[in-house]
Each structure stands twice: as structure tokens, then as C-alpha cells.
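Take a look at the structures below.
The following pair of complexes shares a single chain, subunit A, combined with subunit B in the former and subunit C in the latter.
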Partner chain A sequence: MVGPVAEELIQPLPIEIVVRTERKQALYAKLRTVSSVAGLLGIWTLLSMVPWSVPIPSPLASFHALLRLDPVMLATDVALSCRRVGLGFLIAAILAVPLGIIAGYSRWIRNIVFPVIEVLRPIPPIAWIPLAILFFPTSESMVVFLTFLGAFFPIVYNTMSGFWSIKPMYIRSGKSLGASEWRLFWHVILPAMLPIVFAGLQIAIGISWLMVVAGEMMAAKGGVGALTWEAYQTGRYPLIFVGMAIIGVLGSLSSLLIKTISRTISRWDVH
Partner chain B sequence: MRARFELRSGTLVTNPLFLKVLVLTGAAVIWQALVYFKIYRFGYLPTVPQVIAAAVDYLPSTRFWSDVWSSTYRVLSAWLLALAAGVPLGLLIGWRTSARNFLFPAIELLRPIPPIAWIPAAIVFFPHVEASVIFICFIGAFFPIVLNTFTGASQLDETYFRAARCCGASELTIFRHVVLRGAMPCIVIGAAVGMGICWMAVVSAEMIAGERGLGYMIWEAYSLAQYPLIIVGMFVIGALGAGMSWLIRGFEQWLVPWQKN
Partner chain C sequence: MTILSARNVSKVYNPRLEESVLALDRCNLEIDRNQFCVIVGPSGCGKTTLLNIVAGFDSLTGGDILLNGRVLASPGRPTSPGPDRMVVFQHGGLFPWMRALENVCFGPVVRGRMSEAQARAQALDLMSRVGLCGIEDLYPEDMSSGMRRRLEIIRGIIDQPQILLMDEPFRALDAMTKALVQEFLLKIYDEKPHTILFITHDLIEAIFLADRVYVMTSRPGRVKKMMTIPLPRPRTPDLVNEPEFLRLKEELTDSIHEEAQKAFELGEREAAR
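Then we have the complex of A and B:
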């Protein structure tokens, strides 16, 4: 169908040109990324030069504050926060994933559990803090409860929507191939819903981090939230930014961890 | 099996109203029993009649309306600011690769910092409490809005752009009729998520720095040992948050009528 002229036009570019432009583009993208980060630091530096009522510490001052921190204390705080997030998140995952699956299967469970969940879900987990302080005997169990609470609802809802998003065709094909109920669950339903469950876990761990910071700022001893809060209370303002940066890094690392686990377990997920 | 999978298209909860009421009454009875018999530490919590009494006291009071108003005002103004800043930014970085390369890394650096972690900095560096609370809520709503808008704008089918260009559309027309319209379903999702986080942020900011508002109210109730009032406050916050998302869902039907849930 293609004439001789058009054929010439659709000839692929010589390989070295393609490689060169690709390299060039990769270089440009890297340059832009670097300038983006540099721009952010630049804006921060500019803000620190503006004479506010309380001057904002510059990036350099914050970096110095980080260097002056006792590394052992910092490591203890980080470990404490990670433990609180990890514990609450794991308990939430262990309870919420099965609950989501059971609620997907059974209309009865749904009818009994969901009116309560629907009433409680719109209440932001932060609003539970006063009640949690009242109820739990130690601040440690209180913070773990808060991280649990933050993670619980997103996991339940994503597990259920994962269950419902399975194409009925998969179920039918599994059944027509003679799969028992259990095999259908293990080989069809579970693999198909896993990517959405993991999306829920990803959201949940973010909220767990938010909750640990809130709990530590308001009521608990130790941890990166408390570090930030004490920096505020003692007037060591550069340390506030150090605390924020550490919280951000820890949050994105744990989100990366979930993503890696998700990629390893559900390799069939195209995203 | 078949019945289960037909439920997909239905609503999440299919039970009739009376069953809902029954279950919720049952939950209240269990709560009351736990508190009444002081099982584990439930004795520390207020009983159901105490909560109802506190609600009867608080809900008709002028304090209630001023609390609701200051929280709602903060949430709405922060949310509108976040929309005004986040939607254009998200569209820009979704539409133009160079803008994405320039702006996205900076956004990705700031995004993992939860709004709560901004509270001390906001209290210190903003002259007014009002401004710092609104700033914290803004941070909460901004990132989900930018990210969802960006996703919507970047996942548009290339054919739409080509079709628009074939019809002689200018870049501005393409922006308005292809990019904005195409990203609208995702913008609405981002707006809803942002509203949820805004409520969470306003409660925490008010608890720590608020001076007034519902978050401040429940923290004060805790400090003054008016424990039943805490639970009333929690339900009021929940109801307002749910009402807001309900409103956004209503807007969704009007903004993106071509999308079916």
C-alpha cells in the first residue's frame, strides 16, 4: 500500500541519532530535576531573608541543626516512631484485610458491620485523640491505637472494592474449569484483588505516619513528632524543619517499601 | 456465588433502614454495657445517656454554631485556595512535559510531609492563628488536588489532542476543552480527597493552636473533663465531613455528567 516516497519517510532513524537524542533528553530531564530541587531551596533561602516577625531559618541553618543532633537520640526517636507505625499498621492490616474479604463474601457480615463503620468512618482519626488518651493506660498503646485507627478504614474499603472489582468473567472461567470455592479464592479472587488491596495499604501507611506525628506531638514521649514539637517549644526553630524533613523521608521510605512488596508479590499488576 | 457478584453494581450496603437502626442501637447497647460494667478501661468513657444529655445541651447553643462556623470557614477557605492553586498547577504539569520536569520534583519532595508536621512551623511563622490554621488545611488539600489533576491531565488520550488540532483548535481552546474537561473527573476526585484531609487537618490544627472551632472544642472538653462533650464533638465533625463529601458528590453529577459511577 505504501508508495516509494512514503516508505522512505517511515524509515527508522539511524540508531546513533536515536541514542544521542535519548541521552540528550535524559540529560535535560536530570538537569530540570536538579534545578527544581535547587529552586525549592532557593525559595526557602529567599523566604529566610525576608524580615518576618520571627525569621525563618535558612536551609543551611537547618542543616547545621541536623548535624548538631545527637545521632543516638535521633536514631532512638526514628526507631520509636517506626515501631509505633509498624505495629499499628500491621494490626490494622491483619484485621482489616480479612474483614474486607469476609464483608465482600457475606451479605450478613456487611449488614451487621457496615452501619457501624459508616457512622465511624467520617470521623477523622485525629478527632479520636482525646478519647484515646482517656481510654488507654499508656501513651505507647494510645499512639499505636491511633496509627491502627488511621490505617484501618482505608484498608477495609480498598479490600472490599478490590473484591468487587473482579471481573465476573474470571469467576465464571474459574468455575467452568472446575475450581472449588477455596481454589477459586486462592487462584482467582485473591490475585485479582491484591493490587487494589496494596493501593489501600499504601494510603493507609501514609495516614499511619500522619497519626503517629499527631499522637507524638500531643501526648506521647519520644519519636520524631515529639522531636519536632519540642523543637518548637524550646524555640530551636531550625530543628522544626529537620523534624519535618525526617518525617517526610520516613513517610516516603515506608510508602516505597509497600510499593516494593506489592511489585514483588503481585507481579501481574500492570501499574 | 452469582448473587455475590451481582452486588458489585449495587450500593455498598444493601440493608433496609430498619436493620441499620437495629444494628446501631445494638452497638449503642454494647457500648453502654461495656461502660456500665466497667469492663477493662471502658469505665473511663462516658455512657450513652451522658452523651445524649451533652448533645441536647450543646447542639442548640450559640457556642455550637460559632464552632461549626469557624471550622467550616477555615476548611472552605483553605480548600478553595488549594483548588485555585492546585488545579492550574496540576493541569500545567500534566499538559507540558517541561513544566512537569521543572515542578514535579519539588512537589514530590514536599508531598510526603503530612500537614500535621507543618503545625509547629505554621504556628511560629504566621502572625495570626487564623492564618496558620488555614495554611495547614491548605497543605492538606493542596497535594491530593495537584496530584489527581496531574494524573487526569497526563493520562489523556493523544487522539483527543490530534482531533482538536485537526479541527483547528488553538492551544487555549485545547487547554479549555480537552485538558480541563478531560481532567475534570480526576479533579473532582482530588477535590473530594482534599476535602477529607482538610477536615482532618483543621481538627488537628485547632486542637493544637485553634482558639476556637470544633477541634478546639473537643480538646477543651478533654482538658475540662467534660468527656461526653468529646463524643458529641466527634460526631459533629464526622457529620460535617460527610456532608461536605456528599455535596462534592452532588457537584460531580453536575460537573462531569458523562461519568457514571
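Then we have the complex of A and C:
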């Protein structure tokens, strides 16, 4: 039967039950998250009890080391690293997304650009560090170049494969509906490829963090990478762990930011 | 008056290679204004190829296609897709990133044929007629398969194309949903006839929907037979038990059975190779 159904056939669940079930599920999800982090801290604590030749500071000792840090200095280091990642990543995204799209459209461009990319891409971004140090006048520009480089290739690649993964049916559909080339791009091609582009951005920002830490450890002044390296050089082991933890948190926050933006734009993509 | 005619349409894939395939061999068909025309044939007979040529997704290597008396496509001069020949796709061509109403309004708005408000009003009216109320803001992902099919049909007819091309649109549906969507399609057609080219391999579906049925042979695809379906409209599901319906079905079955057999044997031979 089609059409309105007699109302008594769909009796709504009492609202208390609905709310209770939803709350319970949300609570369980939170519990799982908390216990996973707690488990990590537990393992860390256990490891710190083992008498290694170099003692591992416990989470508590590391936390104390964090509290003893000058908050202004810490904030400056965090801000420096974030800016380096943000700048390099943004430049990479601004250049790589259009390049990936153009390469998707044009075989001509693809033939010119891709051999070069294929040669450069397998070079681990870390291998660029010596060259970058030699060629960039300031350590600041060197580190930004490194974060840019780390982000660039995954974005180009994912943008291209996003373009290729569009089902031909959608493009046919758009053309049948009478969309001009530009509107087809804006309303069909771009939204269809965005989820994969964003997957690339997420990989890319991870590599940008990798590169900022590597660059800062090698040559830069300030930043959480430098903080961690100095802690090592001055023998303040708890601070090494503080540095690592901060890098981890910043990395996952930036990844979360990308994911949130992606979900806001591609609301339809439930995966 | 004839809207669409295919004259000796042939299609050879890879014409210059040794493994060239003759997909369509001098196919002829005619569709009159507001006629519901169905092509049936075994799978692989080239019926989708023929539809794709009309839609502008594929080229032809022989013959020509006329739309409203003008040459639409001929060898070396394929047509491009356009809103005068809307397509309803086999696997569903709704855009997953647009909500129901946006999907339906996209065509007329993007071409500047209707204002946003006009398109919305028209879309809502059409949607209400096929039982699609209250789903305007759903994404296709959140609709049932039957809803998606109905919505895609609405999207196809909202701007009154010259011809609506339907490529086995109900193939993936279960029997119940299929029956339901067929009824909705006929309801729309009865309220306001459109010129429709509909492809299927389901004989009952063909007779139930069509004014005219073309039977196609297996590879190479040829038009083997044309049948007029004189059943009165509006048609209801119980029609399938009427003696006249059964007679037509038998006639159609006979002519297609041979072809299915041939297609099967061809498949066997190819598999054995």
C-alpha cells in the first residue's frame, strides 16, 4: 500500500526511552575513547617502571615538566610550528589542487607534468632537507618549503585520482541536463571529486607535520621540533616526551580540522 | 508525426582492428510524438548502444538519426548530449551531492529556462503526483530505490524534452518496487504523454508499458520485428492477465526466444574460446 498509514501502526517510542538509549550510546562511545587514552597512559607508566639504561619518565613526570615550561615560550613554539605547517600546506593546496584538476582534464598537461612528478615523488621528502638548507636564505623559508614539499605530491595525486574516479554517468547526466562546461565543472565534477581531494589533504597535512618537525630539528629556531631536539641535547628527558605529545596532539587536531571542513562541505558523503 | 527515426544505423567498434565488433547492423526504427516505444532484446544485443547514440554518448558508423526531421547524428558527426533528449540511467544518475529538490531543479535552472522559484514549484508539483512528498531535502543516499527512480523520471521530464530515453531503468529493482514504479510512470504518461524510448529485456514490462515494441536480435544487433500494442490506456496491473495481453506476450516470447537462444550459444562459444 502506498500513501498515509494508519497512525496507530507507528506508535512512537516513549521519548524517555529514545533519549535514554541515545544517551547510553553516546556515553559508551565516550567511555571507549577515554579508556583507550587511559590504556596508552597505563602502558607508558608500566614502561617507565622498567629499569632501562636510560630511564623513561612517567606520564606524571612528563606532565610536571610541561607545567614547569614557560607558557609564553611554549605558546610561541606551538604557534611557530603551526604557522610553518599552515603556510606550507596552504601553498601546496593552492598549487596542487588546480594542477591535479588541469592534469585530469588535459592529456597534454599530463604528458608534460607527470614524468617530472613521477621522478620527484619517490624521493622521500626528508631527503630534500640538505638541499633546502643550502638553498633557502632563512631557516624559516627552508622549513616552510619542506612542509610545502611534503604536502604537494599527495594532494596532486589524490586530486587527479579524484577526477578519474568520477563515474562517467554523472558527467553524462550533467551534459544531458544541459550544463555548460563551466557549470558541469562547478556543480558536478568538483563536488563528485571533493571527498577524495580531502582524503589527500588529510594525508598531506600529516606529512607537513612530519616535515616541520624534521626541519626544526635540523636547523630552525623555535617550534615544537626544536623544543624536542633541545630537550634531548640538554638531557631533559621528560621534555622529550612533552614535545612528542604536543606534536601528536597538534597533528591530530589539524587532521580533525580537515575532516570537519570536508564533512561540512560534502555533507552527502556519509563515508 | 515522427519525432525520432533511426535509418540503417550501424555501429562497429574498433573498425580498423582485427577484433572489430559489429554491434548494430542497419537498425531502423521510428517513434511518433507522444508514443511510448520499447526496445526489447537479449543482453548484449546493442540496445543500450543505440540509446547511447541517440543520447550523444556514443557515435555511429553507418546510417543516420533524425530528430524532428533534422539529422541529429550521422557517421563522423555524432551529436552531443542535450536537454532535448533526457536520459534516465540504468544505475541511477541522480547526483548524490544534491538533495532531492536540487536534483530535479538543476537542469532547468542551470540552463536558465526557469527561475529557481519556478523550478521548485514545478518540481514539487510533479513530485507530489508520484507520491514523493516531504522528501525534498533528502540526499539520494537516504531514499529508497523506488523513490530514486521516480525522482530521476521527474528530473527527466520537468523541462519537457523532445524525447525521454530510459535505459533499463527498473532493472535493479525488486519485483514489488518495479511494479510500483511502472505504475507511477504510466500515471505520469497518462496525465501528460511524453515521447519515450524505453529499453528493457523484460517482455511483460515491454507490453505493459508500450504503444510500440521493437524486438532486437543478438549480435549483430538488428531490428527483427515491430509490434504494435493496441491495449487501451490507462492500464492497470490486472491487465497482464487479459487474454489479449497473454496473446501479445506469446507472440513476443516466440520472436525473442530464438534470439535469446542465439545469444546464449554465442556466449557459450565465446566462453569456450
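We adopt the following convention: the second predicted complex is superposed on the first by the 235 of 271 C-alpha atoms of A that agree within 3 Å, B and C clash if a C-alpha of one lies under 4 Å from a C-alpha of the other, contacts with A are read in each partner's own complex, and residues count from 1 in each chain.
One rule holds in what follows: contacts are C-beta pairs under 8 Å (C-beta built on N, C-alpha and C of every residue); 3 or more make two chains touch, one makes a residue touch a chain.
Keep in mind that this is a model prediction, so the values were computed, not measured.
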Clash or fit (per the criteria above) of subunit B with subunit C on subunit A: fit
Touching partner for A:H187 - first (subunit B), second (subunit C), both, neither: second
Which of subunit B and subunit C A:M217 touches, first, second, both or neither: first
Superposed model, subunit A: greater residue contact from subunit B or subunit C: B
Touching partner for A:S266 - first (subunit B), second (subunit C), both, neither: second
Partner chain in contact with A:L46 - subunit B first, subunit C second, else both or neither: neither
Which of subunit B and subunit C A:K175 touches, first, second, both or neither: both
Partner chain in contact with A:P122 - subunit B first, subunit C second, else both or neither: first
Touched partner set for A:V249, first subunit B, second subunit C, both or neither: first
Smallest separation of CA atoms, subunit C relative to subunit B, angstrom: 8
Residues of subunit A at both interfaces, subunit B in one complex, subunit C in the other: 175
Complex contact set, residues of subunit A against subunit B: 28-29, 32-33, 35-37, 39-40, 52-54, 56, 104-105, 107, 110-112, 114-116, 118-131, 133-137, 160, 164-166, 168, 171, 175, 181, 206, 209-210, 213-214, 217-218, 225, 228-229, 231-232, 237, 240-241, 243-245, 247-249, 251-252, 255
In the complex, subunit B residues that touch subunit A: 1, 4-5, 7-8, 12-15, 19-20, 23-24, 27, 41-42, 44-45, 98, 101-106, 109-110, 112-121, 123-125, 127, 196, 199-200, 203-204, 207-208, 215, 218-219, 221-222, 227, 230-231, 233-235, 237-239, 241-242, 245
Interfacial residue positions of subunit A with respect to subunit C in the complex: 2-3, 169-170, 172-180, 183, 187-188, 191-192, 266-270
Of all residues in subunit C, those that touch subunit A in their complex: 55-57, 80-83, 85-87, 89, 91, 93-98, 106-107, 110-111, 131, 139, 141, 155, 180
